[in-house]
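After this come two complexes, each holding subunit A, first together with subunit B and then together with subunit C.
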Partner chain A sequence: MILVNYLVGVVVFALGVAVILTRRNLVKIVMGLSLIESSGYLLLLSAAYRRGSTAPVLLKPPGGQSEQDLARGNVADPVLQNVCLTAIVIGVAVTAVLLVTVVRIAQHYRTLDADRVRDLRG
Partner chain B sequence: MDPALLPLPVVLPIGGAVLAPLLSRLSPRAPMVVSLLALGGASAILLTFATDVYAGQLQGHAVGHVGPVDGAQLGITVTAEPFGLTYALLTATIGTLLLLYSLSELGGLGAHEAGWYACLAQLLLAAMIGTALTADLLNLFVWFEVAALASYGLAGFFLERPWALEATFKMMVLTNLAGFFVFVATALLYSRHGALNLGQLQHALTGNAGRADLVALALLLAGFGTKAGLMPFHGWLADAHSAAPGPVSAMFSGLMVNLGVVAIARVALDVYAVHRTALPGILLVLGPLSAIAGAALALGQDDLKRLLAYDTVSQMGVLLTAVGAGSLTAVTGFVYHLVDHALFKTLLFLCAGAIVHATGMTRLSQMGGLARHRPLTTAAFLLGTASIAGVPPLNGYASLGLIHDALRSDHPAAFVAVLLAQVLTVAALGRATYLAFFRRRDDEYDPLERTRPGALVAFGVLAVGCVAFGVLPRVVVNHVAAPAAAVLLDQNAYAAAALAGHATVTVTTPAFQYFAPEELLIAIGCIVAGVLLCGWYVRRPEPRSITFLRRLHTGSVNDYAAYSIAGLLTCAAVLLTGG
Partner chain C sequence: MRRAVVGWVFAVATAGVLGVAVVDLPREGAALPHIARQAMTVALPDWRTTEPVSEVVYGTRTFDTFGETFLLLAAVVSVLLLARHRERRHDYFGEEEAGQEEQRYQNPGDEPVGPTERTARAADTREDDDAAANAGEASAGRPETPDAEPVGTAAPEAAQGMTVVVRVAIRWVLPVLAVAGGYLVVQGYSPGGGFPAGVVLVGVVLLVYAGFGYRRIARLVRPGPLEVLELIGALLVIVVLALGLALKGSFGANWLPLAPEQTFRSGGTMQAFSVAELIEVGTGLTIVIFSFLAIRHDWTPANPDAADSTQPGGDGEDSR
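So, the complex of A and B:
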């Protein structure tokens, strides 16, 4: 367990939340969400880490080991790595859709200020 | 029935989603045909499981893998059990109806637009069916995100009004934040227990809920609570559900909002239930809060669809109150009301959409006298209003009766709160009905477009559903709601189905008197009080309390995000200290 990784993850998350709560610029709000997502990726990779472990690759393992030996030995957790990849793909898709919407808002409202895009309220 | 067929109800709509835009080049009708076939196939497969499942025989299937290894389920498991099956069937059948309506009402769509609309709608429906059937936490997260992405596309699909863009952006920011919460919770639980399978997690959490597990629970509640519109996570809901056209709003408010409720019920009752966590208490506070505030906000709205959207917040509050109560009667009422809400909210939103589409008006203050121009829409809206008001013998009376019965003895404070919410709901919808349909309007309308056959079919089917689920409560309770409640309350049976692929649950039917004098008095009392409040409210300026509530809803995505974060931190603190 690398404690620094978790601390950095928390800091990145806090920065992302701070951006979302305080910035009125739509693009910056999207950037805040990306920061939050990044803290999640860091958390996952850190959780998958095992000291001295090898990569969880079961084809032609090194040093004369068999696949079964390797699988029962010390490997980084492939499930969390896969979860991270899944989240990255979803994050990219969401960010793309967010930015498309920001572009359309800018085209229509002629502003990127969230305070001037608040017709729906009350 | 072979449980290996269980992924098909999800695969079929996804296949339909791929084919719809491709085939739209051949014919403008192709997207509708493809969608109806895909969803019809999904419904048929789900129905083939219904007999055994509602008799208490649970089934499960591990996709891509066979059986647990050393007690660990490595594949993604889908289950057929009464609760998930109920939501899946509801989604598939009402989804079919909505697509039929949409591609009929929106006949002005080009083939290209119809294809993409059918694509997004089927993706959303597939994600909801997947949520209902999955017993894997990561898969639950994936379906959550697929539903979110499809709903972004649908919310912004028809840019009839610029505020659809605003609503879409808020929806994306807040729902994305919620998705992150679910994601981190998944990672925490997996890191700690090495399990993503809900059954395996249930076993792991038995007698061993640590602080990380409680933090994960708070994150799951915040994430799925956002989807369910639970206060204080609800800021986006009224904007998104009202900015879209009628059929999309109906899909959001009638079906998609249930995704969050279903997930919360699954987590609260089937995964964490064995712990004496503070979660039931949290639900018994936030549920009534949502119910009352949502109904009060609905009463204060001039926009018809926004009024209906806030009523959704209120109804979700009632449902989660029942989940928090957790007794057999409460959970049975919860399942029953989930189905009922889907029926009457879909009906109401379709009527509202038809009116807005025909008149070009969204504000109640502009409308009036539509009863003369739109008799069938008026009748359908009245039926939906009466259902939601709990008028016997319609469906709302039966399901609310169960919930009231459960809360009355065990949770009197929540009971009073839910009753107050009911009165406010009656007033809000009574006001909408009067202002839109029956109040005299000086100016004549421009000639209104004829109501299309697809709309009439949808109105008719949903209206029949509201009546049928109301006059046949014994059938619904015994064969649908009670089995679903039994599974939610028997987490060991659910865990066995998720891990081993089969389980049996004993179905116990709650004592239920349809026309119990107390419940009849409560229903009539709420209706009378609601009508009186409605009459008072129509003639008076807005009360200060409602003005205050409305001012809290600033329309700012920053503020709504702040409410969500504050809600998450509060729930985490309560869970950590209350355990």
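So, the complex of A and C:
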């Protein structure tokens, strides 16, 4: 029932979109972006899963299986797991930059309200 | 509320479209895609590693990881640029003076502040005994290290360290965590690699900071050495990958002799790349986190009356 994972990922993504569109607090908007990122991780890891699969380690296949079984597909997809690692690192980097921008906006405009951050203020 | 309606309609529509799209994704019964099978079959003979995920990270998708590393570096540089205004650059902490200077520039005349604000500023001054220690002043009757504080005192809010329970726990956990971080990167055949190991080591630094205060790691966590270390890590990445181009004719190709699998050196340049990645990620994230911790000036309201009002400081108090 990996479809449930996919659908939960979609719901989390939509929640993130909703947070970004409906909130005015900049920190909450960044949190919405983090929600969207998390949905991406869930989607990637779910897509990597195979029924009855083991971790993609070539050490010793579980009982009754040969290494050929592993290569033939009784293992989680290592490429997608790698893509998930990449996504996590990029998510951390993007969140850090966004948060520091929010801190500076707050110090400059003295508000976290996105609607009040319109006028140019040198 | 137009914003809420539009936002939720859009979000639900997105969910609908994605939900329809997602139904056709490969399920748990699907065969492994070709590229995954290729990674599985290539890991052992070509790289002498039993860890296909690491092989994909540092072998098959080398160029992608290379780009990712420098994306992280770019993020660190942006955070540094944004987080520092015009402070003197000798420390992450102790930037308060620069902030006060800016504050004085913004509201000249130095109007009298309210009682709430006075309390807050006094607490800030008490907390900032790192700056006092740097200036060579006595630090207001506080012991040199949190360990020297007598057990059972009512810890003030400004206390540098946590309680003795937390400190002892941290002492026990730290070596385990540090060894685990090192293990992740040293054992090429274990799941892990430079990225997770770097993050684990950042966790070690943060635990020391949380438990024992900044002074315990102040010698280690300074912009000077850390930034140099990070750039050394980035340079190592470039050197390791470019040597593949020079010696083997393709960027990121393995140019080290392959050791037997499940040893320290199995994986060839994968391991070297992983170690460089550890340096880069560990120092980069430390720099980012401590830059965040150092942003603390300039939060006082511009309007001194706002500090006197009963409302806690928050959005929209400013009259401008």
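As a convention for this text, the second predicted complex is superposed on the first by the 104 of 122 C-alpha atoms of A that agree within 3 Å, B and C clash if a C-alpha of one lies under 4 Å from a C-alpha of the other, contacts with A are read in each partner's own complex, and residues count from 1 in each chain.
Operating definition for what follows: a contact is a pair of C-beta atoms (placed from the backbone, for glycine too) under 8 Å apart; a residue touches a chain by one contact, two chains touch by 3 or more.
Predicted model only: the values in this text are computed from it and were never measured.
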Next on the checklist: Is A:86 touching anything from subunit B or subunit C once the two structures are fitted on A? First, second, both or neither.
Outcome noted: both
Checklist entry - Which of the two partners, first being subunit B and second being subunit C, lies in contact with A:101: first, second, both, or neither? => result both
Next on the checklist: Just to be sure I read the superposition right, which of the two partners does A:116 touch: subunit B = first, subunit C = second, or both, or neither?
Outcome noted: second
Item to check | Partner touching more residues of subunit A, whether subunit B or subunit C | outcome: C
Checklist entry - After lining up the shared chain so the two structures overlap, which partner does A:51 touch, if you call subunit B first and subunit C second: first, second, both or neither? => result second
Next on the checklist: Contact-wise, after the overlay, does A:17 reach subunit B, subunit C, both or neither (first, second, both, neither)?
Outcome noted: both
Checklist entry - After superposition on the shared chain, which partner residues are touched by A:25: those of subunit B (first), subunit C (second), both, or neither? => result second
Checklist entry - Once the two structures are fitted together, what part of subunit A is touched by subunit B and by subunit C alike? => result 17, 20-22, 24, 43, 47, 79-80, 86, 90, 93-94, 97, 101, 104
Checklist outcome for this item: Residue positions on subunit B within touch of subunit A in the complex are 138, 142, 145, 148-149, 152-153, 156, 159, 162-163, 165-170, 172-173, 176-177, 179-180, 183-184, 186-187, 190-191, 196, 238-239, 242-243, 300-301, 306, 550-551, 553-558, 561-562, 565
Item to check | Partner subunit C, residues of subunit A touching it in the complex | outcome: 2-3, 6-7, 9-11, 13-15, 17-18, 20-22, 24-25, 43, 47, 49-51, 53, 55-59, 70-73, 75, 77-82, 85-86, 88-90, 92-94, 96-97, 99-101, 103-104, 107, 110-113, 116
Next on the checklist: Show me the residue ranges of subunit C that touch subunit A in the complex, using the header's touch definition.
Outcome noted: 3-4, 6-8, 10-12, 14-15, 18-19, 22-23, 25-33, 35-37, 39-41, 43-44, 50-53, 55-57, 60-61, 64-65, 68, 71-72, 74-76, 78-79, 82-83, 189, 191, 195, 281, 285, 288, 291-292, 295, 298-299, 301-302, 315-318, 320
Next on the checklist: Under the stated contact criterion, what part of subunit A meets subunit B in this complex?
Outcome noted: 17, 20-24, 26, 29, 33, 36-37, 40, 43-44, 47, 79-80, 83, 86-87, 90, 93-94, 97-98, 101-102, 104-105, 108-109, 114-115, 117-122
